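Scrolling down, you'll hit the structures one after another.
Common to both upcoming complexes is subunit A, partnered first by subunit B, then by subunit C.
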Partner chain A sequence: MASVSEMYDVTWEEMRDKLRKWREDNHRNSEQIVDVAEELINEHASKLGDDIWIIYEQVMIAALDCSRDDLAWTCLQELKKQFPGSQRVKRLGGMRLEALEKYEEAGKQYDSILQEDPTNTAARKRKISILKAQGKNTDAIRELNEYLELFVGDQEAWHELSDLYINEHDYGKAAFCLEELMMTNPHNHLYCEQYAEVKYTQGGLENLELSRKYFAQALKLNNRNMRALFGLYMSASHIAASPKVNAAVKKANVKYAAWAANQINRAYQLAGRGTKENKCSVKAVEEMLESMQITMS
Partner chain B sequence: MAEPELLLDSNIRLWVVLPIVFITFLVGVIRHYVSILLQSDKKLTLEQVSDSQVLIRSRILRENGKYIPKQSFLMRKFYFNNQEDGFFKKTKRKVVPPSPMTDPSMLTDMMKGNVTNVLPMILIGGWINWTFSGFVTTKVPFPLTLRFKPMLQQGIELLSLDASWVSSASWYFLNVFGLRSMYSLILGQDNGADQSRIMQEQMSGAAMAMPADTNKAFKAEWEALELTDHQWALESVEEELMSRELDLDGMFSRELPTGIF
Partner chain C sequence: MGEVELSCLAYVKMYLHACLFPRCSVNGLLLSSSPAGGAVCVTDCVPLLHSHLPLAPITQLALTQVDVWCAQTQQRIVGYYQANACVSDCSPTPCALKIADKIAEQCNNAVLLMIDGGKMSPDYRVPPIVMYERKDSRWTLKDKHTIMLRQWEETREIAGQLLDSGDHSLLVDFDSHLDDITRDWTNQKLNAKIAELASPANV
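Right after this comes the complex of A and B.
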């Protein structure tokens, strides 16, 4: 097996910089991280200096993802030697126990962290993820709610809670969580789009109107969000097709749906620039849009 | 009225002005590292962390509430401000003003602050005054009144000398404040050598609310939230969106990422 540096012909500095970029962007490409960092640690450990500790942390989590307990154990031992008594290292030890499905011991580890420092958010969140890993969704939701009462500002937790509620089909509460995220990140088009999808799933005329508005907002924030474009088309067509609306609203929504259909067509035209496969997909899109028109009117 | 310009020995420049600059700078750097060593951990209680986050959430609600539907905004405003059991109305925290006498950790903090900042300044200022005394060091570029003479010209007993000519002690104090930006450049923001900032903090810290005064903060938030109205930013979002075609330029590019690098 050729090493990474041989395959791609890169120096160790480039590998280190790539790892840093993945760390800063919070990528979860664990297999790639393990490949690159394993070579870096084995061959070039002395040249890395103090960077090596944060790389150990990054690699350990990636190794747990890939079931590489040997690598994870090595990293953990090195970190324990360098930082004895550190809560951050204890948390990593707990994560390893979780990966080995030793949930009781992991829970005890996190409890000991919390005894020392009750404000430690990482340990609390790991306890909740233990519950989620064991499939105890309702317990996880309850614990996460209690956590959020204490730490209202934790956006990662709000997003996790919205995912849990969506799994339980409790769309009203999921929408609440997403609203928190939209308020703290008003320029993030993905939260708007996810909120719109939840509202669309909830159904009912008011929710459909809201979802149409938020799909439009997501598009306004990012013109290229195809999912929001399709969402806009679907919500507008559904409102127009509903028997409860008056004529003016129906007319407006038909206009919105037509505009959205136009934009979808444009995008598909741009995508393939007339190649053979693309012609088929463009035709498929047109047929789909036409069929929706027919069911509507 | 124009007095003849004094010509100073260039040795003064070499052996007085520059050494004072170096001394001040090095002492500042040393102070920075000493303050790091002596720094005590500030432990926050769970309640303090929680309260600070609640205040942030309320502020965000006020500022960005226009991005969520009106119903949701009102629901949250009600949760915070309701007359009987709104969060800001209901929660009263025990406020213990941390005066230096009762709170031992604050006392040691103050002492450490004094030792690292004020003491060296006095010592070095006195030493410079003693070593480099008896001559004029430099001239400030703006005219000063005679009132400044005893302050800035310590050690020089000339009645007729223009007050703009100052002694080395004043050059030292000038350096202490002037090198602040150099410290920021070299040691990064928030450094322990930044004395004037610390003095400012000490003066304003006595006047402004101590961290334990969450009750006042809650009251201020309550009032601010009462005044906020909901102006939905999405009223006419469809019209704005559809006024022009979508910008799909460069959306589909031929290049695909291959592998890691």
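Right after this comes the complex of A and C.
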């Protein structure tokens, strides 16, 4: 099989830079990382200098994600040799145990880190991940809430908690978590849109109006967010069709829905231009918009 | 209740959908191009979501769009499938039951299919699926002997081949379509590839 550098015609520097980008953006493209990093380490280890240690860490986690215990073990040994007694390496050892489903041993590993350093957030979060892996969602939620009382600024944790609440159908609490995230990240269109989806799911006129507002906000922040566009259309349509609204509100929402429908049509026509295979999708959207309009009036 | 037949195309796409997003729960709709009445023949499937399955707006949107497409192509929605992120538990979640209920309103011998992640290893011999049918307003486990996969060996081969060649990344689910609307959630390209592998010339 051809090497990565041959297949994509890249130099070792480009591969190293790509790995750095993936690291910084926190991408979980583990199979790719393993392919690129394995070759980099095998062929060019001497040129990497001190970068090699962080690459070992990155590829070890990716290897665990792909069930490549052989590779993960090798990386772990190298890191243990270079950084004996390091808590960061200890945590990686714990993650390997998790990947092998040896949850009790992994838990003990993290407990020993926390004994030395009770503020070690990584170890605390790994313990919560173990609960999640075992399907113990209610326990994970409880632990994560306790964690957030101490580390209230941890965005990743707030988002994880909102996901857990969504899976437990506790939409009120999920909304609360997303509100925290929107407060600290007011320009992030994805949080707005997710919040709107949760509100829509909760249902009821008040929540629908909120959801419409936040779909609109998401669109303001990113006018190409298709979910937000569809969401705006659907929430406005439902509000307009509700018997509980007065004529003025109904009129306004019919206008919003019409605007959204127009934008959707344009987006699909632009996308469908030239590709035969998209004709199916374009037609489906057109018919759907038509059928929803009929129910609205 | 009656027999259910699962076509190669439907199985392979469902399987590839689960493989494409191993860390997420995924779901999708099962379609039939056969007329109603008699055995249920699942001839195709549409992969829907790989994130936030319980949230309503995108699910509603997808159901409406697939409904419209089915009317255009003489197909019916006859079931729902889901693969849970947590491999150790393949029981239907509340959102799976809800969507399946909705489908059963329109199709009285609808099926609910859960993919058993624990049985998806490379050496599995039996289809890693568990099927439920509606009996007395509850979803009950279906007798394995009423579920048919014609040419199971070939189907398994094809799924394996596409996975090895990396072609599973060709699969587009509704979520991916919303990220980039030029991508086709009816998966015409992948369908053609599967048909090619399944044709008598290749078997």
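Rule of thumb we're sticking to: the second predicted complex is superposed on the first by the 289 of 297 C-alpha atoms of A that agree within 3 Å, B and C clash if a C-alpha of one lies under 4 Å from a C-alpha of the other, contacts with A are read in each partner's own complex, and residues count from 1 in each chain.
By definition in this document, a residue touches a chain if its C-beta (ideal position, glycine included) is under 8 Å from a C-beta of that chain, and two chains touch if they have at least 3 such contacts.
These numbers were taken from a predicted model, which means no experiment stands behind them.
Trainee: Should subunit B and subunit C be called a clash or a fit once both complexes are overlaid on subunit A?
Mentor: fit
Trainee: Now for A:210: first (subunit B), second (subunit C), both, or neither, which partner does it touch?
Mentor: A:210 sits against subunit B, while subunit C stays out of touch.
Trainee: One more residue to check, A:271. First (subunit B), second (subunit C), both or neither?
Mentor: Touch partners of A:271: subunit B and subunit C.
Trainee: Looking at A:220 after the superposition, I want to know if it touches subunit B, subunit C, both of them or none. Which is it: first, second, both, neither?
Mentor: first
Trainee: Under the stated touch criterion, which partner chain does A:288 make contact with: subunit B (first), subunit C (second), both, or neither?
Mentor: Only subunit C; A:288 stays clear of subunit B.
Trainee: Is A:197 in contact with subunit B, with subunit C, with both, or with neither (first, second, both, neither)?
Mentor: In the superposition, A:197 touches subunit C alone.
Trainee: For A:172, decide between first (touching subunit B), second (touching subunit C), both and neither.
Mentor: Neither partner.
Trainee: Determine, under the contact definition given at the top, whether A:231 touches first (subunit B), second (subunit C), both, or neither.
Mentor: Only subunit C; A:231 stays clear of subunit B.
Trainee: Between subunit B and subunit C, what minimal C-alpha to C-alpha distance in angstrom results from the superposition?
Mentor: 7
Trainee: What is the shared patch of subunit A, the residues that subunit B and subunit C both contact?
Mentor: Touching subunit B in the first complex and subunit C in the second, residues 267, 271 of subunit A appear in both lists.
Trainee: What part of subunit B is in contact with subunit A in the complex they form?
Mentor: Residues of subunit B touching subunit A: 44-46, 49-50, 53-54, 56-57, 60-61, 64-65, 67-69, 72, 234, 237-238, 240-242, 245-248, 251-252, 259-261.
Trainee: Given the complex with subunit A, which residues does subunit C contribute to the contact?
Mentor: Going by the criterion above, the answer is residues 23, 52, 54-58, 60-61, 64-66, 68-69, 71-72, 86, 88-89, 93-95, 177-179, 181-182, 184-186, 188-189.
Trainee: Provide the residue numbers of subunit A that touch subunit C in the complex, in ascending order.
Mentor: 28, 65, 133-135, 163, 166-167, 169, 194, 196-198, 200-201, 203, 211, 226-227, 230-231, 234-235, 267-268, 271-272, 275, 277-278, 280-281, 283-285, 287-288, 291-292
Trainee: Could you pull out which subunit A residues touch subunit B in their complex?
Mentor: Those in contact with subunit B are residues 4, 7-8, 10, 14, 18, 32, 35-36, 118-119, 150-154, 176, 179-180, 182-184, 186, 210, 212-214, 216-217, 219-220, 223-224, 229, 256, 259, 263, 266-267, 270-271.
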